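Shared between the two complexes below is chain A, which pairs with chain B and chain C, respectively.
What follows is the complex of A and B.
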C-alpha cells in the first residue's frame, strides 16, 4: 500500500511537450500583440466604412476597443477551450494540468492559468494596481483642492480625473475581496479542489485585465470622461469618445463579474467536501455567495445602461436625448438599480471576511451565526428596493420618496444586527490582538460613522440639503474605504501567510495602520464639516469659506496615501523575504489553515471530511476538531 | 519526485475531469443562473419600453401626433443641421417580427427534439440531423433579424423649413419607440449568435460521437435555447402590441 509520503505532488508531474497545445505559445505578451493587431485592423475597417458619418468616431472607437478586448483574450487563450469544444476536441488530462500551471513556475502568473490560487493572486495584484492608480488620482484631486482657486488642473482634466478615480476605485473595491480571496481561499474553505469552472475563473480575471487599458485610455481621448463616475445622461451622451472607452470598460467588467458570480455560487453549491453542510459553511463563504448573487442581479442593469448609452452615442438612438423622446431619469433608474446593490456587492464579502478574522482572534464561535447569514440575505434583499434614494432631489416620482426612504432606513436594521453580532463575538473573548484585529477595530469605528451618516442621507428632508455635497463624499468614503477596504485589509493581513507563504512584518504593518487610522479621520471628518457647511462636490474651485477644511482634508489624504504605501511596502518586503509561514499560524479552525503552505495544486491530496463547527473554539474533545482527513491509500498526498 | 500525468490521474475530480453527472449538475445550475441574470436584463428592457412609452417626452415615443412639429435630434449623414419635421413614425412591421420569433422558437423546439432523439438513442445520424436543423434555424433567426434591420419602414415626413416631403429610413430617424425596438433587435441578435455558436458546437460534437454515451450538453442547450425563444416572444409581443 502506498504511504502518504510516497505520493508525489501533482505539480511535480512531468508533462509531454505536446501538453497544453496552443496554451504553450500564449501569454500576456501574445495577448497584447493580438489585441493591438486586431484593434488596428478593426479601426482601419470601421474607419473606412463609417468615415464622415455623424457617429463615425464613436462607432470606430466602440468597434476598435471591442476588437482589442476580443483580440487580447484570443491571444491569452480565453477562447481556446471553447473553440476546441466546438470542434469536438476534448482537452486531455495533460492539457488540463498544463492549463493549471504545471511545469511553468512563475511564468504561469503571466498566462491563462486555471489554478484558483493563481487566479486569486492575479486578482490581488490587479487590485493593488487599481488602488495605486485610483489613489494617485485621488492625490491629484486633493492637490487641486488644497486652495480655493488652484490652477493645478484644468476644470476638464479635474473632471476626468474625478471620473476615473471613482470608477477605478469602484472596480477595485468590487473585486478586492471577491477576486483574490473568494478565489484563493474560498474553495479551500469548503474543501474543494478548485472552482467549479476553472476556465471561466481564468476568463474572469483576464477579461477584466483587458478592460483596464480601455479605462486608462480615456485620458488620451477627447480630454477624458467628464461626466463623473455615475456618467449621468444626457451628459454622458454628449461627452467625447472617451465615454465610449469608459462604457466598453464597464461592459467588459460586467461580463467578468457575472461569470465570477456564477462560478462562486456553483462552486459552493456543488463542490463542498463531505460533511460541509450549509450550516457549517464559514461566514466568508456565505458572504461570497450572497455578494455573487447580488452581482448577478445588479450587473445586467449596468449592462443595459451602458449599452443604451453607447447606442445613443454610436447609432443615433434617443434613449437619453430629450428632443428625441429620451429622458435622463431612465439612466438614473437603470444606473441606480445597479448602483445600490453594488454597494453591498462591495461591502458584504469584506465584512464576511472580517468575521472570520474576529472569530479566530477572539477564540470564540461566531455570535449568532445564523442571524448573521440572515442579516446578509436581508441586506441583499432590501438593497434591490432602495435605488431611488439616489434620486430624491431629481424630481422623479415624488410620491415614492417616502417608501424609498423607509426601505433605505430599514436596511440599517440588518446592518445593525451584523454590527451587534460582531460585538457579541468579541464580547468576553480571549482576544489575540494581532495586526488583522487592528483593522477590525478601525472598521468598527469607521463603519459606525459611515452608517449613521447614511441615515441622514436616506432621510428626504436632510438629503435635500446634503445631496451633491461633500457630506455625501465623506459618507461613502467612510463606508467603502473606511468600512469595506479596511475590512478587506483585515482579511488581507489574516490570509497573507496562506497566500504568500510568508508572515507579514507586523512591525511595519502597525506603523502603516496608525498612519491610515489617523489620516483617514482627518481627511474625511474635514469633508463632513465642509459638506455640512454646504460645499458642493465635483468642483475644481470652491468658495474660500471652505478653505480650511479642504486644506486639512488634503493633508490628511497625503498622509493616508503614505499609510497605504507603507502597508504595501510591508506586504512586498514580507512576500519577498519574510519569515516562512507555518500552515496554521493563527491556530484557526477553518479548512484553509489545515492544508500545507504553500498550498499544493488541487489543495487536498487527502479528501477532507468536515466533522464540526468551523468556529468551535470553546469545544473540547472530539467535537473540537472541525475537519479530519480521509486517506484511502490510493489518492496520495499529506494531511 | 516526479511522475507522469497518467500516474497521478485517478479519474476523480482533477482539473476539468469530472464525471458527466457532476458536469451536468454544475453546468445546469450555471445555465439557470445565467438565465436568471438574463431575465433581469429582459425585465429592464421591458421597463425601458414601458417607461419611455408612458413618459412620451417631447411627444417623442412615435412622434405620434401628426400635427406636431418635431426636431430630428441628431445629425443625419454628413449634414449637421437638424431638420424640423412633421410626421408620424410607423410601427415596425409585424411580419418580420413574427418570422424572427417563429425561428427563435423553432430553434428551441428543434433542440428539444434533438434531446429526445439522444434520450431514446435513436441513432447518431438522426441526432446530428436534428442538431443541424437547430443550427440552421438559429442561423436563419440571425439572418432574419439582420434583414429586419434592412427592411425598417421608410418614414415620410414634412420638412417644415421647405414644406416638402422627405423620406427617411426609420433607423436614421429615431424617437424612443424606434430606439427601443432597435435595441430589442440588437439584444435578439446577441442571443441568436450565442445560440448559433452553441448549436454549431453541439452538431459538430454529435457528428464526432461525443453524445453517444452522455448527452447532458444537449439538455443544457435545450434549456438556454428555449429561454431565448421565450424571451424573443415576450419582446416581440411587447413591440407589436404596445407600440
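What follows is the complex of A and C.
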C-alpha cells in the first residue's frame, strides 16, 4: 500500500470567495428566519381568507406549518440547486466543493452540507436530541405513575406527553442507525466516495430537522395531541389544532425517510467499489438496504392516512367519521400497514450493525452469511403481511384471525435465524469483551424476552387478554429499546472512533452499561407484572392494586435515564478530549476501518479494490484479505 | 470466492490445520452447554408454572381458563429455546472469552467457521415445528370460542366518554354495572356513541373494541362466582383511566332477581348501581 502523505487533501482546496454562491450566506439561522417569516406571512393570509369559517383553525395551522417547513428548507439551501437549474445557471466544481463543506471548518455542521459524513454526524446529534426529549417525557410519565392517584400531571397533559413520547421515540429509533451510520459508515463500507445523491442526502436531514419543531409545538396548541402516537380516529379527529401539527410532522418525516431510503438503495446499487460484489457486501450494508426498502413500502401508507386525517379535520371529509359514513377501522388498517413494517425498519439496521460488531469482537467470520441476509429479507417480506395482529381485538374481520396468526408466528422463524447466526458467530470465537460486545450480550438477553412475550400476543385467544395492557407496553419496549436501541448502542460504541476520531472512554461507558442493563430489567419486568395482572396502558391513574409494580418501574426508569446520561457523558467527554483514535482500533476487516481517521473528503485517497469478503478472520492466504489499495500511478491511471 | 462454505469442518481443515476443531474440546463445549441448558430449562419451566398461576387473574370463565393454559403452554414451549440461547451465550463468555492482555490488541483470530448446514437445518426444523404447534394450539382454542351455545344471554354494551352502559334487551333493563349469570354463555354486542373504546371485562379473559357506528361481538361463559372489573383498553381521551365498571358473576337465581329489581325501576337502580360502582372503584 502506497502512502500518500504528499497528495493534497481535497478539503484543503482553497476556494475563491464566490464559490458556493447563495450557499455562502445560508445556515441554520437564516433557515429559521426564513421559515418564521414565511410562516407568519402564510398565517396572516390564510387567517384572513378562512376567518370565521368552520375549518379556519385547522386550515390555518396546516398552511402555516407547511410554510414553515418550505421556508426553513429555502433558508438552509435545500432548493438552491433546483432553482439554479431552473434559471439555467450551471454550478461549478468550486460550488460543489463549497456545498460539500470545504473551507468552512466546524460551521459546516450548521449548514446544508452534501458530505455524507457531515450528514451522518448531523443525524447523530439529532438522534441524541430526540432521545433526550423522549426520555425526559418518559420520566414525566413515570413520575405521574409513581402513585395511583397522582395529580402531578393533568389527564390532558399526561395524554399529550404519552403521545409525543411515543412519536418522538419512533422517529428517533427509525433514524438512529439508518441516519448516522447508513450515511457516515455505509458508503465507506462499499468503497464509495459519497452517497449517490449527496444533495438529497443533505435534504433528508434538514427536512426531518424542520419537522421537529412541529412535533414539539403540539404541546402548545390546544392542549396537545391526546390520542396516543397511534392517533386512532375518530378520537384524533376530535383533537384540537395540535393534531394538525402532528400530521404535518409525520408527512414531512415521511418525505425525509423516503428520500433517505431511495438514496441508500441507489448508492449500494451503483456506487460499489471494484470487486465489491453483492456476495461480499458487509451485513450492515444489506441491513441498510433492506431497512430502507421496507421504509419505502411502509411510509406511503402513513402519508395517505395523515393526508386524509388532515382532510377530515380541515375540509370536512369523513374518511374516519362514522356519522359521515367513515370508519375508524380504515385508520387502524392504514396505520398498521405502516406500523408493523416500521417496527422492522427500526430493527433490521441496528441488528445488522451489531452483526458487524460480533464478527469483529469474536474474531470470526459471520456465521451463515447468506442465511442471515435471507432472514432479513424474509422478515421484511413477512412484515408487510402481519399488520392486523394489532387489530385482533378491534372486531375487524374476525375470519382473518387465523391467517394473521399464521403470518405473525411465521416471522419468528427468520427472527430465530438471527439468533442462530449470532450464536454461530460467537461459537468458539475469541471473544474480545470491549464495550460494544457488552451491548451484544445485553441484546441477546433482552431480545429473547421481547420475542417470547410476543408469542402470547400473536395468539388471538391470549391477545384477547393482553391487548391494550401494560404487558404490551413492556413487550415492545423490550424489543425496541432493549433490542433495537441496545443493538444501536453496540454499533455506536463500535463506530465511535471512526465518527469522532477519538477513543470512547470505556471505563465510564461500562458504568453506564451496567446501570442501563439492570435498570432496564427492573423498569419493564415490573410492567410485565402489572400487565399480566390486568393494568391497562396509557392511563394517568390506576387501581392501587398495581401500586408496587408501578413504583418499582418508575424507580427503574429513573435509573435507566441516569444510565443513558452517563453514556452520553462518556460520549461527549470522549468526543471533546478523548485519546485520538487510530484508523483501525479494532483490527477489523471492513473498509471503513481502512481509511484514515478523521476520514478525508471523498473518503479514499486511493481507490480500493475489493478482493474478498469482509470476514476473513482466521483465514490464511488470499481469503484473509478484503481489500487492496492500488495507487493510480502504479497502474498507469486507474480506470 | 464463495462467501459461505456449507461444510465447515472440511473448510477449516483446508484453511489451517492447527485450527482444526479439537474433538475433545468440542465434546467438552457440547457437554457443558447441554448441562447448562438442562438447568436453565428446568428453571424456565418452574418460572413458567409459578408466574402463570401467581400473576394472571384466577379463572372466572372458560375464556380466562384458556388464556391461563395458553400462557402456560407457550411458556413451557419457549423455555428450552430461551435456555438454549442463554446457555450458549453464557458459555461463550465463560469459555471463549480471551483476556484483554494489552488493551488495544485483539485476541488471535478464531477458526473461520462460516456456517453449518446441519445446525441451520435443525434450527429451522425446530422453529418451524414450534410455529406449527403455536398455530394449531391457537386456532383450536380460537375456534372453540366461536361456538355459539343455545340459550345464550345477549347483553348490549355501549361505551361513551367515559362510562359503560349495559342493556339486557330481553328484560329491557339498563345498568351501569355488569351482572352475568354463572354457567350460561353471554354474548356481548358492543358499540360506542363517540370514539373507539375497548370493552375489556378483565377477569373474563376477553375483549373487543367498541366502535361508533358498528357492533362487534364477543362471547364468554362464566365458570366461577365473583367480582370482576370492566376496563377500557383503548385510549379514549381525557378520563380514559377512569372508564371502568364493576361486574359480578352471580347464580342464575340471583341474576333473575337482579333483572326483576332493575326492571321495576330501571332509571333509579341504574343510578344506584353507578354510585355503588363509583364507590367500589375507589
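The definition used in the following text is that the second predicted complex is superposed on the first by the 630 of 639 C-alpha atoms of A that agree within 3 Å, B and C clash if a C-alpha of one lies under 4 Å from a C-alpha of the other, contacts with A are read in each partner's own complex, and residues count from 1 in each chain.
In the analysis below, a residue touches a chain if its C-beta (ideal position, glycine included) is under 8 Å from a C-beta of that chain, and two chains touch if they have at least 3 such contacts.
From a predicted model like this one, the values you see are computed outputs, not experimental measurements.
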TODO: After aligning the two structures on chain A, examine chain B and chain C and state clash or fit.
DONE: fit
TODO: Could you tell me if A:13 is touching chain B, chain C, both of them or neither one (first, second, both, neither)?
DONE: first
TODO: Return the chain, chain B or chain C, that is in touch with more residues of chain A.
DONE: C
Open item on the list: After the superposition on chain A, what is the angle at the C-alpha centre of chain A formed with the C-alpha centres of chain B and chain C, rounded to the nearest 10 degrees?
Closed with: 100
Task: Which of chain B and chain C A:262 touches, first, second, both or neither - done: first
TODO: Please work out whether A:407 is in contact with chain B alone, chain C alone, both, or neither, and reply first, second, both or neither.
DONE: neither
- [ ] With the two complexes superposed on chain A, say which partner A:479 touches: chain B (first), chain C (second), both, or neither.
- [x] neither
Open item on the list: Quick check on the superposed pair: does A:241 touch chain B, chain C, both, or neither? Answer first, second, both or neither.
Closed with: neither
Open item on the list: With both complexes superposed on chain A, which partner does A:322 reach: first (chain B), second (chain C), both or neither?
Closed with: both
TODO: Could you look at A:60 and tell me whether it touches chain B, chain C, both or neither (first, second, both, neither)?
DONE: neither
TODO: State whether A:333 touches chain B only (first), chain C only (second), both chains, or neither.
DONE: first
Task: Least Cα gap, in Å, left between chain B and chain C after the two complexes are fitted on chain A - done: 7
Task: Overlap of the chain B and chain C footprints on chain A, listed as residue numbers - done: 322-323, 327, 329
Open item on the list: Help me check something: in the complex, which residues belonging to chain A touch chain C?
Closed with: 155-156, 159, 162, 226-228, 230, 232, 234-235, 238, 279-280, 322-323, 327-329, 361-371, 393-395, 401-402, 405-406, 409-410, 412-413, 416-417, 419-420, 423-424, 426-434, 441, 444-445, 448-449, 452, 455-456, 458-462, 464-465, 467-469, 529, 532-534, 536, 538-543, 585-587, 612-613, 615-620, 622-623
Task: chain A partner contacts - residues on chain B that touch it in the complex - done: 1-10, 12-17, 22, 25-26, 29-30, 33-34, 36-38, 40-41, 44-45, 47-48, 51-52, 55-61, 63, 70-78, 80, 172, 174-180, 182-183, 186, 197, 200-201, 204-205, 207-208, 210
- [ ] Could you pull out which chain A residues touch chain B in their complex?
- [x] 8, 10, 12-15, 19, 52-55, 82, 85-88, 90-91, 93-94, 96-97, 99-100, 114-115, 193-194, 196-199, 258, 261-263, 265-266, 269-270, 296-297, 299-301, 303-304, 307-308, 311-312, 315-319, 321-327, 329-330, 333-334, 337, 602, 634-636
Open item on the list: So in the complex, the part of chain C that touches chain A is made up of which residues?
Closed with: 1-4, 15-16, 19, 21, 29, 51, 55-57, 63-64, 66-67, 70-71, 74-75, 78, 81-82, 85-86, 88-89, 92-93, 96-98, 100, 104-116, 119-120, 123-124, 127-128, 130-131, 134-135, 137-139, 141-142, 145, 190, 194-196, 198, 200, 202-203, 205-209, 211-214, 216-218, 229, 231-242
